[in-house]
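Everything on this sheet refers to the single structure shown next.
When the chains are written out, they are named A, B, C and D in that same order, and each has its own residue count from 1.
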Amino acid sequence: MNAWLIAVLRFLAALGLMLFNGVVMIYMLRKVLARLHVRLGPMDNGPHGMFQTVFDVLKLLTKEDVTPRAVDKALFFLAPVIVFVPSLMAYMVLPFSRTWVILDVPYGLLFYFAVMSVVPLGILAAGWASNNKWSFIGAMRIVGQQVTYEVPMLLAALPVVMMAGSMSLSDIVRAQSGTFLWILPRWFAFNVPALVLFFIAGLIESGQTPFDLAEAESELVAGFSTEYSAMKFGLLYLAEFSNVFLFSALTVTLFFGGWQVPWVSADHVQWVAPIVFMVKTYIGIFFIFAIRGTLPRIRVDQMLATGWKVLLPAALAWVMVTGFVIKVGQALVGPR
Amino acid sequence: MTVARGVLERAAVAASIETVESLGAVCRVSSSDARKALVALRDSDLAVGFLVDLFGIDTGEAVDIVYHLRSFARDEELVVKVEHGYGSTLESVWDIFPAALMPERETAELFGLELAGHPNPKRLLTTDGCPPYLRKSLVVRSAEEVRDRASQHVDATSLDRTAGSLAGGFAEPGVAEPGASLDATPIPAPKPLPVPRGLKRAPSGVDIENSDRLVLNMGPQHPSTHGVLRLILELDGEEIVSGEAVIGYLHRGIEKLAESRRYSAVGTLLDRGDYVSGIHAELAFALATEKIAGIEVPRRANYLRCLLGELNRIASHITWYGPMGLDSGAMGPFLYTFRDRETILDILEDITGQRMMFNYVRPGGVVNDITTTAEAKIRAFLDEFAVHVDENDELLMGNEIFQARTQGIGVFDRETALGFGLTGACLRGSGVDWDIRRDRPYAAYDELEFDVPVAEEGDVYARCAVRLEEMRQSARMIRQCIEGLPEGEHTAKVAKVLRPPAGEAYGAVESPRGELGVHLVSDGTDSPYRMRYRPPALYALQAGEAMLPGLLIADAVVLMGSMDLILGEVDR
Amino acid sequence: MPYDRIILLVFVVLGAAFVVVTLTTSWLLSPKKPSAEKAETYECGVEPVGPPWVQFRAGYYVYALLFVIFDIETVFLYPWALVYGARGWFIFAEMIVFVVILVAGLAYAWKEGALSWR
Amino acid sequence: MALDKLTGEHSAIFIRSEQLFDVARRKSLWYMAFGIACCAIEGLMHASGPKFDFDRMGVFFRASPRQADVMIVAGTVNWKMASTVRRLYDEMPEPKWVVAMGACACSGGPFREYPNVVMGVDKVVPVDVYIPGCPPRPESVQYGFITLMDKIKAQTGERLAAARHDGR
């Protein structure tokens, strides 16, 4: 088949997945938060309010799109694109099963990090272009967020690369097949400090509580998206949820065996693999949302201090410890 | 009284002193001697260090400015009255009592006086062009006239769009030298307090365009200003360089309208002043009225007042605790506590017939007796609440992020807290052990057993901790009230249309926000001549305002949250 | 053109196109009542004073300088990590040296007070 | 150019598509978090709380007026506040609705005699639904929202009637 056609079809699949995730996750967020908070959440629109998000999207689509006079018009329109496209591109390298990868490249992990580091740029553009003080402060905070999370996140993913010996996400998933200590699945999640560090850095990356500083409803009204209305706001919101999905999916890929089912050979999970992957990812999302419903927000200087004085030294130390343990392991049982 | 006379004589201030039973010693000094007299009273062995309230009374010929002072050392109340002619100059006393900052502005504006020597002499509550509402010459309109106004059509475009904005009416603040132009006597301040001088720099024209400072409006519509508080912050990065609180967006003349209401109907207005703890405001008014009219309240009514008051206190603290969580970014506490608030409101509704605006405590007693269903509900609630309050304590107060956000933020030491007129949990959070329920017992509080929680740190966290403990103590008192509820009438025999004799009285209660006082002047008719509502939240607000410089935006939000502001009460 | 270039191109172009199409649809379907008041900047319901585009003092300025250095150095660790399992103890020693240099830099910055919000 | 400009305001396609969108609009009414006074406790805080939970109906709050559909005027509006209320209303994108909650927002309530108080917020912004009460219970606010939903639903009929009237 024509490579262009394949590319377009795969683009549509990724887009469809992203939209599906957006709709499902917003509903899920409202439901999870409601249940955590002794409420019911959406109930009336559709069975258990399932169509709530559909109505929300349709309403946003038919809402007037206000462009305030003072905004930088070009950037104001461009910002949703800059936020949306990288978020969509990151779907390319996620392995949904052994063969379901849009772009299976040996540098998948780096590609993901590279693409996702563009997102804050879009948010910065959105906040700056709005010419609104709340948006502007939110935009400046997102830069602080990027300064905080990126180095610890790269370092926290390093032990995984060392153990798998590859930066291809498919290879990393494959390296987590089988078991160790007779019973435990060979998940890198058992490298617990790496997982914890990665998870905290990822919370900062995706701007979730306690690090939701750029949106910070009680401080900055609606943060960077204060001036955005109708579908432009919808797209920014969608991209935000997409980032949460991506972060959860990457955590599953790096630490929880990706699409694999523990104790079952990869040959037997061909068709259920994407489902397994999605289920694992949504469990991760549930945790992120549960944290969102529970914790207060950290202050911006405390976030930077946490990133540089706790996460970074800890991640550096853990890289060394992992390296040492791997070498000792190799010395004891020989190279894998 | 004799001590005060001696002090004033030594200071060479001519004063007439009388003792009003329901008020304390009342000194009358001339307006030129007022500052001298206040300094003398503060620095003498009377140690009158606390300005309870500052307000005016229009006597018909002139305006009496009333300085209500308190000496914690001698546990005495002292009222200084100064007569000012209409339109004359009111000399600021903020350098003697910083607590006077906002009340002075309000008084000057509502009585049409000039304010001199004040660091920020702008209007506080109303916009430019409003008449001095509290003058007696301005009569509240009759129903017919009001109907005319109701049918008036207002063109939306004619609204002054710059009204209340910075551009309109921002005077060059200028640092007012304490008393420099007014009085040659240098005034030694006991301790330098952080003085709010409004915005340091007047943002006007060219200046602001080329500045690297942001001037940010926080409010009136902002998710975390709890109503319509507006903070103007001058920011350097995220750090606040200077800040000013702008209020008056909910000013609706409770004090003025009370002058046209019967005694039994004033509660309707007071409920809507402090709208989350109506019982307390009603109670303060009832206490003042009873003092003037000499009404003896039955014991059962006193117990019911305590019972409802403490229930209301928990409900009020919940509306502080939940939003405090929201301010710091945690959604959980808000929704968990509102579960309890619903139960309390159910109980209150059962007894009083309303969820929020009770008008339940009236002069002479209370309106309804407690119902049997309510009693059962209260018992069930207390059992449940004991668990919930511990949960909430862990959920927010035990959270490391919350602790990091609140400890060491917005610290008031003892002197600052007293200087700014803080009362209630804010004062106790700064280590001052003062609770009107225990130290000036009213209703049945002298028969109840309770502890007064005090914290020494004076930061946001300390205030939170004090309030949480107060909720536990309230639950304890409610149980005592329910167990020991005496038999008898729930109200004294009071005339339908109450006409207390001419007189003056001050009734104060410990509301959830602090000392809620009603200073009542009666002229023998069926409605008050003047009703002053001492708003604890106003004093808390000006203290919070003074603390803003140096904080980050996020800190400002939790600081204002911890002051427990109810804007209905601040603006009245 | 190889597949990976094609797919990148498709994602960038069509992704942007999707945004444009969505916004156009929204523009087509939504009611419009522009007014001067509607186009004013929101600031909690009052007239804003002064522009937000000021020289904003970012409290994390020094962090950001450090970030540039550390971000690049961290990426240098990745090629090393790739071949880590395949080599002997020497590679571990190499990493120790590299990481210790990083840590020393961090410690120095910390000591000098660079890791603070100001 | 929007759809009604293309096809005309009375075209069947415009009216029917609006009918479809009105379904979404009334099932997803986001209100602006804007509490003025006492009513805000009942109408905004308790309404989103555990017992009443307006989220069930898709009624949800957003802090920015740019993303809100409904403005609940919950409390007394005085002349100092009036310009802010109007400004916030102006900044909301179409279609937008205003709910006047409580006696004060409807008419000035117990404070109507005070000259500084606006006697009903309808002097300043057009009001769609009035909710009486001082303060109205959250149930009343819920009923107010249901009334608003009915009002949105009835728009199609009004448009059809207008089309018939003009066609004649």
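In this text, contacts are C-beta pairs under 8 Å (C-beta built on N, C-alpha and C of every residue); 3 or more make two chains touch, one makes a residue touch a chain.
Source: prediction; values computed, not measured.
Chemist: State the pair of chains with the top count of C-beta pairs in contact.
Modeler: Chains A-C share more contact pairs than any other pair.
Chemist: Report, in whole Å, the distance between the mean C-alpha point of subunit A and the mean C-alpha point of subunit C.
Modeler: 14
Chemist: Could you work out how far the Cα centre of subunit C sits from that of subunit D, in whole Å?
Modeler: 40
Chemist: Whole-Å distance, subunit B centre to subunit C centre, using C-alpha means?
Modeler: 47
Chemist: Quick one: report the Å distance separating subunit A from subunit D, using the average Cα coordinate of each chain.
Modeler: The mean C-alpha positions of subunit A and subunit D differ by 36 Å.
Chemist: Which residues belonging to subunit B are in contact with no fewer than two other chains?
Modeler: In subunit B, the residues touching two or more other chains are 161-162, 164, 214, 216-217, 220-223, 238, 335, 339.
Chemist: List, in ascending order, every residue of subunit C touching at least 2 other chains.
Modeler: In subunit C, residues 27, 29-33, 38, 40, 42-48, 51-52, 56, 58-59 touch at least two other chains, as defined above.
Chemist: Residues touching two or more other chains, restricted to subunit A: which are they?
Modeler: 37-39, 62-66, 133-134, 136, 140, 217, 221, 226-227, 230, 300-301
Chemist: Classify the inter-chain contact topology: is it line, ring, star, complete, or other?
Modeler: Topology of the interface graph: complete, with all chain pairs in contact.
Chemist: Within their complex, state which residues of subunit A touch subunit D.
Modeler: Listed in rising order, the residues are 30, 34, 37-45, 49, 51-52, 54-56, 58-59, 62-66, 217, 221-222, 225-230, 233.
Chemist: Of all residues in subunit C, which touch subunit A in the complex?
Modeler: Checking each residue of subunit C against subunit A gives 1, 3-4, 6-12, 14-16, 18-20, 22-23, 25-27, 29-33, 36, 38-44, 48, 51-53, 56, 58-60, 63-64, 66-67, 70-71, 74-75, 77-78, 81-86, 89, 92, 95-96, 99, 102-103, 106, 110, 115-117.
Chemist: Contact residues on subunit B for subunit C in the complex?
Modeler: The touching residues are 161-162, 164-167, 203, 208-209, 211-222, 230, 236-239.
Chemist: Mind pulling up the subunit D residues that touch subunit A in the complex?
Modeler: Its residues touching subunit A are 21, 23-25, 27-28, 49-50, 53, 55-58, 60, 62-64, 66-67, 69, 91, 93-95.
Chemist: Show which residues of subunit C lie in contact with subunit B when the two form their complex.
Modeler: 43-52, 54-59
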